[in-house]
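Dropping the structure in here first, questions after.
Order as written gives the chain letters A, B, C and D; numbering starts at 1 within each chain.
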């Protein structure tokens, strides 16, 4: 699927100093097929304007509120208005912002977690179906070529019947009460009004949860969570250790932590089957380690012809020239873009091009967050059977 | 503490084909201070003789039963009889064998787990106290210099207040039902009559448990275990995932597995404090990784002058010349030997020389195994407060 | 230095299937400050048009020859014509293309090696001076933040007096005679008419040479090269092992290879001083290893506050979120861009913003290539004292 | 080949504080088949006695000179006298000590380099032949199982035709003039009267040279050496960078260094053929990395059934339980021992049991050292065709 035209997009959130907004912009820009043309970068019109200027946007397309933006963009001629919006606000705004644009028939890329409540998440599923928009959720890690390779190998039954999964996501950045010392990112991430009921699970645990489901296709059946708020005065948990049972008898450990001092962003997954096992880690993402009971360990390396078609579909540069986080992010943007254009032209896409996390993955994630916190508070196993959306 | 004379030792178990008996012999031999002079290598006199011959022992000192050996050795003149016995039988024999020798006043080195029941373990504690013998338990991993370095750094408060521990011990060797296909090691390890109530937890989980306690000094307060027997027809669990609460609010994940295909012996521990964290892995044992919130990660390397005194006390060769499993094992033997000789001479030893796992560590381990299986079967948290022995 | 406007650029070369053209376009696009508006992507007007269409360029700005492009772009109004041109052709065209644009006063980003002859390289130096244009050369590896960190540490004398350098650049992609089997990249890289007098040294050895000079600031004094063409029928060398003497008594090994089967792109440098040493490798670029005689090895990690200012000036995303090759490439583009804009506005830039390889580095590289091949052919040490340009 | 009796050995050198003597003793002791019964540990009778006592030797067997020891041991009854001697003195004594024992018909294990002059080395070859003794040289690194695996894979043509070799041996321990500050090891290693004409090449370069020849079977044809003495006042070179041409057109880089600050003992070899390449490093010795042009890299791991027979013949413990330097050393001792016993019994051994470095390897090494220094001093390529001994 070639891009026969550049897509125009707008952004809500991502004002000065917001890390993730900048990442979204770089990801969208990387391949030269998307152009940022509008934005409501802040709830302060002044700040939004400043950011718009810095980004060299036409000031007419810079808005002081997402509502105004949704309405005005929708009112523009079809070949001028944004094709989709990127929602990169704190969590509590995901729902109203997404809703506003979906209702205008504008496609959406939204950061995770999808929403702060299960009800909101399900409402977004319904709205996406009703308005028939494309909705991508930036579970970035699914965009890495070697994650797609892992998934393909499991689909091809290279691991045999799966038995055990260990997925971990340690970070250390919240090991001190920096939210009480003026760190903006930390402030909203640990504030229930903005982050919702969870800090660690909502911000990173849900990436781990999504990664397992993406790679293995397995659904959770039940989980038990041991959650802790280690930092004094913190209102939300900053550490969670989970026992998880997946369908087909697969047992798992899943943990996430924001107080693991010295860890940066070490999302790592190991999956064990009867015939082989594999390991992938986000800090060393160009390699996939495959282990066997009876022959040498193998290191699969990004960009090589021996990889699966889908891994190479998501590859940009030759082996040995490392790709990173932004490129993985861009893969999600590109596939959302291909899907939008295919919809426009009425063509069918191959499964590679439609391979990005959706509003349903988002709802599963929100459900996971809520159930994890519920389990942690009740000290009980909780049932996880859940299928969002009308399907 | 110099060795002013060679120690004589005997061995119970460790007949032809037994992996661990051979390791004990190499560990005892390495430094030239211990000599194997007697053995009951098998319950078959014929096999025991064969092994004795292979080891070039005087046939008078090769026995058909451990009871005979204990009695006859004790009856020998003091400068001829064994100073200590190495017990390397399957688990169910640890108790009667140790008992027989302790009651003769003979010192003991015993493989882990100490015994198959808590009662037996406690009885051994009492016997050791009563007969005032030296008792070493081969939790090998505590013998590694870099493990001792880790412990010392925590004692010196380099990590600040501890918060979280992740300790894992994945193996893959029992991922097929090889005990049903004639593999000797696998047969007894999965046979409740010999291995006791547990396979994975008893064989390797207890190493993980001991390693945490050794390094941090923390006692378990409660645990929750999710245990599984993945291989059809297997009578004992081959996988266990645990949530553990230690004293002082420290939370932990501990897991062990014998069905993690492709894993060899990857015992690994990560410990997170408020000020720093550390990581050590058994397959790469000469290095200790220390991470900080605000400066570069450090790699401590075995054999260097900048290490703690106790790490270098347990070191043999210069940096960059790798030491391994046998050397760690030998460190336990050496310290047991030093303690035996110090007792003989009535001298006081420094804390380095008496640093080896004891019968009490063994009892804690047996208690841990039983409580883990209890938790796993009841699906409940179990209380872990436990102090074996009279102290 | 903010980008107060988007820069417009054109491209010469980079038609369908050309790996490096695509990389240049992604690098330029990443930060949203540069827009591709013109191109002569191929010497075939048809192919050039096709590429222009694929890139959604205005067809008026797509040219069939670089000469036409240089002339016509120069004739456009100042606020419309390209600010700079990216030259991504095979090597033999670098000179005429660069010349054509420089003479029109258009700034240049050019791939390495600068030219195929020393005379051409020096002529470009003169032209750049005469026409006062900004000229950036894409020695990509100098764009990595951790390379800049390495340089800064040496400038800050953290390593003491330098003594020894080992720099290696093994690749395996030309281990078979694929240029005889239709591989386009391989065809021109091994064709003296296009690649010049060298294959391995010209393509990758010069990166190694530049990396040393960039990080240490040392100039070569003499070198001895052992060059080989391992693949039958290949006209240029595919492997070169060099002994190099730098000023101040520093000794070095430098090697590059295109027949090192199984290697991807493993440029690696180790620098030893009297007080410390460091190691950086391109396949794992977010980490810098620093070793001391008397304390633990340190791992410096991209994106952390403890790094030097210049390392973080060239950083995009937080620690633990890997950056890669494209980001390093983009750093060169960004600094060239900042320098162009500063020139336009008449402002002075800090040293961070002007930190990119120049036409002079290019001339040094071309000189290095020629002298290396000369040494290899004569089996003699060759003198390397060389300073290009008027300065 | 079982050991039907314990071998008795004596030691010359290895007094208090000598690192390598202790390593030899541990290596010989490890498997329980050899017993140290005699020694001339120092040229001072007093020091020798002290060491003998510390090692609990019978004082009758502790000598004040190697000559006395050779004579008196030879005069003992056959079932009492030493079977072989371990020579662990500084280099200049290797020749007279070995000669003395060989002439008494006593087998020898000698440290490397064999002697300080080529003439002495050749004389030892002649004496070994004349007196028909077994002579083992402790090029330790050939004792590692994964080095033997590498050799076997090359013999089995898994790499195709060999093309290029990179072997490096950086150390940092002599980066300061510690020989002028009382460091014993450093004193004799840098003293021409004891170490011979070379420091770095003689001590470690020769290990690199031997490793290449051992693994590949290739003979050197010529070499060019760039040698340096970086530390002021040092009489011998502490760094050497070599270009080497092997037979069959194989090109190599070989370097060794004692001033590479922060390096410990990082002997590493990479071998490239037409079909695959392999890498092994001494600091991580249980793993062998094999790379292919068209499929995933493989990691071969010590102790696994998929390895070659000879690798597992030299293995002691299961995969994942690391073996190290002492075990590699012990493999050389064991094979020397097997060969001595086979000679005694008049049986033929398989090739595994006779696989240890010999006096001829030693002569090749001494020749290499001399030619390297010659090349370094003359700044010329030197011819390397050389076959020691009568064969």
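Keep this in mind: contacts are C-beta pairs under 8 Å (C-beta built on N, C-alpha and C of every residue); 3 or more make two chains touch, one makes a residue touch a chain.
Since we're looking at a predicted model, the values are computed, not measured.
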item: Intersection of contact partners for chain A and chain B; value: C, D
item: Chain at maximum distance from chain B, centres defined as averaged CA atoms; value: C
item: Distance from the mean Cα position of chain D to that of chain A, given in whole angstrom; value: 56
item: Approximate Å spacing (C-alpha centroids) for the pair chain A, chain C; value: 35
item: Cα-centroid distance, chain C relative to chain D, in whole angstrom; value: 44
item: Residues within chain C bordering two or more other chains; value: 263, 290, 297, 301
item: Chain C-touching residues of chain D, taken from the complex the two chains share; value: 163-164, 166, 168, 170, 172, 175-176, 224, 226, 228, 230, 239, 241, 243, 251-253, 255, 257, 259-263, 270, 272-277, 290-293, 297, 379, 381
item: Interfacial residue positions of chain D with respect to chain B in the complex; value: 2-3, 5-6, 19, 22-23, 25-26, 29-32, 36, 54-56, 171, 263-266, 282-286, 301, 316-327
item: In the complex, chain A residues that touch chain D; value: 290, 294-301, 304-306
